[in-house]
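Going by the order they are written in, the chains are A, B, C and D; count residues from 1 in each one.
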Amino acid sequence: MAIIYELAAQGMQMILVLAVAPFILGVTRRFKARLLRRIGPPLLQPYRDIWKLMHKEAVMAHGASWLYRSTPYLLFASTWVAAALIPTYSTGLLFSWSADLIAIVALLATGRFALALAGMDVGTAFGGIGSSREMLIASLAEPAMLLVVLTVSLVAGTTQLSAIAEHMIHGSVGLRVSLGLVLFAFVFVAIAENARIPIDNPATHLELTMVHEAMVLEYSGRHLAMIEAAAALKLTLYFSLLVCLFFPFGIATGDKSIVAFAIGLGFYLSKITLLAVLLPIGETAVAKMRVFRYPIFLGGAFATAALAVFLLFVSQGF
Amino acid sequence: MTSLQFDIAHLLAGGMLVLSLLLLYQDRILATLNVFALQAIVLSLAVAWQAYVQGAMHLMVTAVIALVVKGFVIPGALNRIVYRLGIHREIEQVIGAGPTMLTGLGLIALSILLVMPVKVGVTALAREDLAFALAVILLGLLMMITRRNAVTQIVGFMSLENGLILAATGAKGMPLVVEISVAFSILIAFSVFGIFVFRIRERFDTVDLGALDRFRRERSTLQ
Amino acid sequence: MPIRVGLACVAAYLVAAVLAAAVGGRRVAPVLIYGAMTAVSAVGLGSALFALVTGDLKTQLALPLGLPLSGGSVRIDALSAFFLLVVNLGGVAASVYGLGYGRHERSPLRVLPYIPAYLAGMNLVLMADDAFTFLVAWEFMSLASWALVLADHRREENARAAYIYIVMASAGTLCLLLTFGLLAGPDGGYAFAAMRETVEPPLIAGLVFLLALAGAGSKAGLAPLHIWLPLAHPAAPSHVSALMSGVMTKVAIYGFIRIVFDLVNAPASWMSLIVVALGGITAVLGVLYALLQQDIKRLLAYSTVENVGIVFVGLGLALAFRAHDMSVPAALALTAALLHVLNHSFFKSLLFFGAGAVVHASGERDMERLGGLIHRMPHTAVVFLIGCAAISALPPLNGFVSEWMTFQAILVGPQLPHWGLKLIVPAVGALLALATAFAAACFVKLFGMIFLGRARTPAARTAHDADGFSLAAMYGLAALCFLSGIVPGILIDVLAPVAQTLVGARVPEQSGVAWLSVVPIAASRSSYNGLVIFSFLICSGVLTAMVIHRYATRATRRSAFWDCGYPDPSLATQYSGSSFVMPIRRVFGTALFDIRETVDMPPPGARRPARFSLKIFDPAWRFAYGPATRAVWTIAGKLNRLQFLTIRRYLTLVFAALIVLLIVVAAWR
Amino acid sequence: MMSPVLFLLLIPVAATLLLGFIAHYRIGALLNVLASGATLATAIALLFTERVRTDVFIIDDFNIYLVILTAFVGFTTSIFSATYIGHELEVGKLTPVFLRFYHALYQAMMAAMNLALVSNNVGLLWVGVEVATLSTVMMVGVYRTPEAIEAAWKYFILGSVGIALAFFGTILIYLVAQPVIGEGLPAMAWDMLLRNGARFDAKLLSLAFVFLLVGYGTKIGLAPFHAWLPDAHAEGPTPISAVLSGLLLNVALYALLRFKMVLATHPDTLNVGMIMISLGLISLVFSGFMLYRRRDIKRLFAYSSIEHMGIMTFAFGMGGPLANFAGLLHMTMHSLVKPAIFFAVGHIAQVKGTQRISQIRGLSVTHPVLAVGLALGVIAIAGLPPFGMFLSEFMLVSSSFARQPLLALILVAGLLIAFGALMLRMQDVLFGEPSGPAGGVKASYIPLFVHLTLALMAGLWLPEPMVRWFRAVAAQLG
């Protein structure tokens, strides 16, 4: 009986992230439009887009191989699984231990790997550009991400997200400089990973500025739907990761009662909606960067994270 | 042995040493040959004296060989070679006479330094002879390397070998000395023969165009 | 029992070698020899597994041969059993592959006799229990592989590679010889048992460590001693390259572990510091260099350098923890390193096999001249993709598991009570993360250039898939990559005795853990479950696809590609490998290597195309090896003058020497 | 007393006299082989007769295996020389007249070397070494080319100086022994010297050793006394190069070691070990560098002989049971492997018609068997397993590094330098696009591969008696 309840809780979380992701995307778009003095699309527009795309026929280039067809599903699946393994409204769900923070990052890398290959499958110039730049960004972002993980795990003594969340709530963490720095670095990495301004602009198809869009340029129909959904999921994933790592308050930890879940859910939704509002504010404040300025952006993230580690040593004593 | 015998042996050995210094000093081939002949004769005297003193008559053979072969035959042969090969009479020395002499004196000092501390058992005679012989040997070697001309080098080698015979005969009751002295004479005969047959001068040094091309080709073929 | 079987295997290999030398010319020879090798290495594999699982170990055996004074002896303990497993697994795979691939060998007599000899050498190294046997086997291994590198000796660069290889190899052997000299002491206790007994003073221990690092590291390809590796490994036939990269480097690592963990009794922090730092640097340099390669096999060879670096990071951490008596983390780090050794032998062999199939099918080693092979060689494409994903450390494949465990060890690192390590370990962690990202980029490039896009040359257009045996070998390895990625717990348990013997602890029992997940230290700290992840991925992916195809639409239309409205059918518009890595090269490369990019643009009106040329120099060559070789040649040239002195001058030499000696005598009292 | 020892001398002497009169090549060669075979038989017979010890002759652990080795290599070389010289005759490089000398001198040299080895008398030893030298001088000049004569002359002059100095050393030894032992032969007998060494005058003994070192060092070919060696090896007929490297150098080294034994018995003589070590290292490093610029293949291996003599001298200078054992083993292996290499090189030079390395390419394509022979030989001489030299270098390097780290490092550096050069040249010759004639070889591979097999065997398993001899001698060498 209990196991079924646990399964249900886990399944609930899978459904939740899938369901909420397009909404979050919609919120960001809407707010960005508002900040730019436009009306902007309705909040539920992403759902409609995905639905529409799913029912269109998929147009594929002649040279496209099985890899090209299967990539969207793999990308979607990996992002979805990763997102579903991050504690949202409750810690210690049934499968929460099956992947820790590092594994989740790696799962996203799997999706990226597949997508980069798909970008090169047809053999166009743009696909190549996209894949190549995506890989550059990844190689810049991953060291910073690892240092973030390192700091968090040093503070919490674990890389299990549930455990981290619980430790952040109960444990005598207090306000730490290093955690603040790490938050900063994490946001930078998240921006880069989600192809947002200033690294990339999801709304443009201007040849030389595209990264993510260049990779998926050839995609259409249901495949494109999958990719769009995956992108939305990824954004949600990073939001909930941020919430889980740094602001886990309100999440259901001890008791696994419906009530606790409900409270946690409420907190979670409000927190990520807030983030979805904050993101466009940041985005409208800055301009898109040239490719060869990425290192400075992400190098900054890396330096901050490194500083965080160092400060942590100082505060803990060598 | 009496001091007289000792003194005579000493005198003869010393004479040989002086003569090799003289050899070192010579700058004309023919004179060199003559001095060498003289040294050989003194050597034969010394050996004979040793034979008499030690009562080892077989050493007389060595003495005679030294007298005949090195006193007369070989210098004569070398004379003919010098005429035949038209080797110019002045000897090009590598370093001047003065430094050579100084080096020679240094070598003599070294050899005395080496032999003098020897105490145990060795008779004074043997020790003196040894010092002189060592000096003669080193001087001969020095002569070989300070002369550019094959003939004079052979002379140097022979005076070196004189020193050897001196030492060998000085060693009381040493077996095989005679045989070995004979062997040495043969060796020297070979070398003279070699010069004569193969027209050997110092190849690379002689200012002789043919030799120069040979030299180049050697570089290319050997190396 | 296993030790006897092992010796029998060595003997059988040698017999096979002689046989090959005898019948090599015949048409049946490849089938015969490779068949025999398959059987023998299968037996070896079985006995190694048996030894490791049943723990029928520590069986020592004195040999009638070997060192005249003390005699040789062989022994199998957990460590050597594990590495025997690796070697013979590679042996089986390579032999099966060879059954197909070896048939179109141009001059079999230059290959067939040496592969069994090579395997014999590697097996014997792992079983040796005294310095002499060890070094004989070690150098024999080098010699056999040297001959294999020269298999295609008419190509100038192969001869050069072989030369550099053999010189570096024997330099390494001399280092190991000095190591053993120190360990054995002046009166020659060459048996490993005796070496274990003696406790060296710290200075000697440090010297031993450095020499062992140089000796084994040069064989394993540790920077900056790696330069021979990317030259030699690709030069050999592909299944031999697989053996060299996938197996021989592991034997070198074994040598390092054997000496530093087993024979030396005083681990110090500074040693571990050096190893960890070198490992991290090697990993990044190796993969960055791999990223810049055009030649398929050379790229793979450089990526071997990277993985060796990762392994050495694990080993260094194990040393560090051991030096500070933290035995459980030490066990974790060591297990991670060994697991990575095993995994790397899987996917590197797989990748070299695939490369061999591609090279054979297209006759091209330059990936810029391939493309679109996924249509021509579907099977090879599948297995190659699995290999690429595995080596890029992507879950749920095996490469990720071992790197994940290494990261876990790194996360424990800051607890070390040594400030140097405290600072180095996180830095190295960042380096490893960088290396992982680069590896992903590198293998996206590799697979993309070879198999994706449109065929760039007729050769690529007419390629055909590999034969049955080769495919069997490759599929087998791919399956292993999957299995050890999904249920790594079993392997970790198999590795437990090794860690137990070397660092006196083991990672927790994995077979008890629920849902077969991996728990390196404690479930509360970190855990990973490849099986769940894999099944989730499959379920959700397949489910989604089915749902969409069933309820939405499955309609598909083929057309020309869109390319943002600028469709240009000419092949030249495809992204090339060098352009793919251009951003990374610009950002990271220029700092580490000196890279010369030159564009000569024709003047306006000229008809000729513009040319872009790219030159990359390895700093190791420019700053270490180049000067050294030049120095040797100049000295040789100067001394060579002595060849042409006159007799008189030679006599002068003799005279001078004599005088010097005489003065010595005169001066001596 | 008709012990085998006498036959060791009588057989070659008789053969010399006989061969002096035989102009016909086949009969001469056959007789040469037969005589060498008989010598080998007698040498082996030594094993089963009781050890001889008179004032003139002595057989002990040290020289018994050297005698057998010498006889063996002499025998195999005579077989090789039969085919080799046959080819030279066809080509016309040699004329039967000189051939008569050649065979006679070959036997003379064997006799001289045997004399040097079995004599119990420092004077006889000296005579033996010198006669061997002179006979080889003649053989080196046998081709009568300007280069050959040049080489022979160089060899002759330097050799004679060496002779003279060695003789002076011998006189000194007598002088030092005579007061203690008394006049006459006993004062020159090995065993007497060994027994009474402790009572000799240390100063004079050291002086004597210096002269002996320079004198016999010239024969060993240690730098800087090596000058004659490369030319003699390169210009003489290949069998002679083989015998020179394999045997004559050994005999000279043997002599030097005997004297070192005598010095070892005396507590406060000069530190001979250090001198030998430095000479050995100089020779090793010097020849290691010289190997790089070689263009003549025989000269290349001549320099490698200098290198290995340096290694042995280093080993014996280092002393101690392990190092001495290694030195003796190295001595044996070198005189097995180096002749083998020269056999291979000789045939290669004949089939390719040149000794220039640059003109020999891709041998493994045109002449696989020769290529394998050369490859194995070089691998063995470069000290790679599973050949015997690896064993000796293993013991030498490892034991000396534990005692004298710095010296051992120089040694290792030298080994590596030499290795690099040898491998470079070997690859040049064996691999790449084949060049030069691909004609068949009229040669017997038996000597070559017999030598290599023995070296291989020694690398894996040393027979018990040899180990016993080596250890005994190693103990004596101190």
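The criterion applied here is as follows: a contact is a pair of C-beta atoms (placed from the backbone, for glycine too) under 8 Å apart; a residue touches a chain by one contact, two chains touch by 3 or more.
Note that this is a predicted model, so its numbers are computed, not measured.
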Inset, instruction - Just grab the chain with the largest centre-to-centre distance to subunit C, centres being mean Cα coordinates. - result: B
Legend entry - Higher-contact pair (C-beta pairs counted), B-C versus A-C: A-C
Legend entry - Distance from the mean Cα position of subunit C to that of subunit B, given in whole angstrom: 69
Inset, instruction - Averaging only over C-alpha atoms, locate the centres of subunit A and subunit C and give their separation in whole Å. - result: 35
Legend entry - Centre distance in Å when subunit A and subunit B are each reduced to the mean of their C-alpha atoms: 99
Inset, instruction - Would you mind pulling out the distance in Å between where the CA atoms of subunit B average out and where those of subunit D do? - result: 31
Legend entry - Interface hub residues of subunit D, defined as touching at least two other chains: 153, 157, 161, 165, 203, 207, 293
Inset, instruction - List, in ascending order, every residue of subunit C touching at least 2 other chains. - result: 640, 643, 647, 651, 658, 662, 665
Inset, instruction - Mind listing each pair of touching chains for me? - result: A-C, B-C, B-D, C-D
Legend entry - Contact set on subunit D toward subunit C in their complex: 153-154, 157-158, 161-162, 165, 203, 206-207, 210-211, 213-214, 218, 224-225, 227-228, 230, 270-271, 275, 286, 289-293, 320-322, 325, 362, 364, 379, 382, 384-386, 390-391, 394-395, 397-403, 408-409, 412, 415-417, 419-421, 423-424, 427, 430-433, 459-462, 467, 470
Inset, instruction - Spell out the residues on subunit B that touch subunit D in their complex, using ranges where they run on. - result: 114-115, 117-122, 126, 130, 133-134, 137, 141, 144, 153, 157, 160-161, 163-164, 167-168, 171-176, 179-180, 183, 187, 190-191, 194, 198, 200, 203, 214, 218, 221-223
Inset, instruction - Could you please specify the touching residues of subunit C with respect to subunit A in the complex? - result: 371-372, 374-375, 385, 389, 392-395, 400, 404, 407-408, 410-411, 414, 419, 422-423, 426, 429-434, 436-438, 440-441, 444, 447-448, 452-454, 515, 517, 523-529, 532-533, 536-538, 540-542, 544-545, 548, 552-553, 555-564, 566-568, 571, 573-575, 579-584, 586-588
Inset, instruction - Show which residues of subunit C lie in contact with subunit B when the two form their complex. - result: 640, 643-644, 646-648, 651-652, 655, 658-659, 662-663, 665-666
Legend entry - Touching residues on subunit C, where the partner in the complex is subunit D: 64-69, 131-132, 135-136, 139-140, 143, 150, 153-154, 156, 159, 162-163, 166-167, 170-171, 174, 177-178, 180-182, 184-188, 190, 632-633, 635-637, 639-640, 642-643, 645, 647, 650-651, 653-654, 656-658, 661-662, 664-665, 668
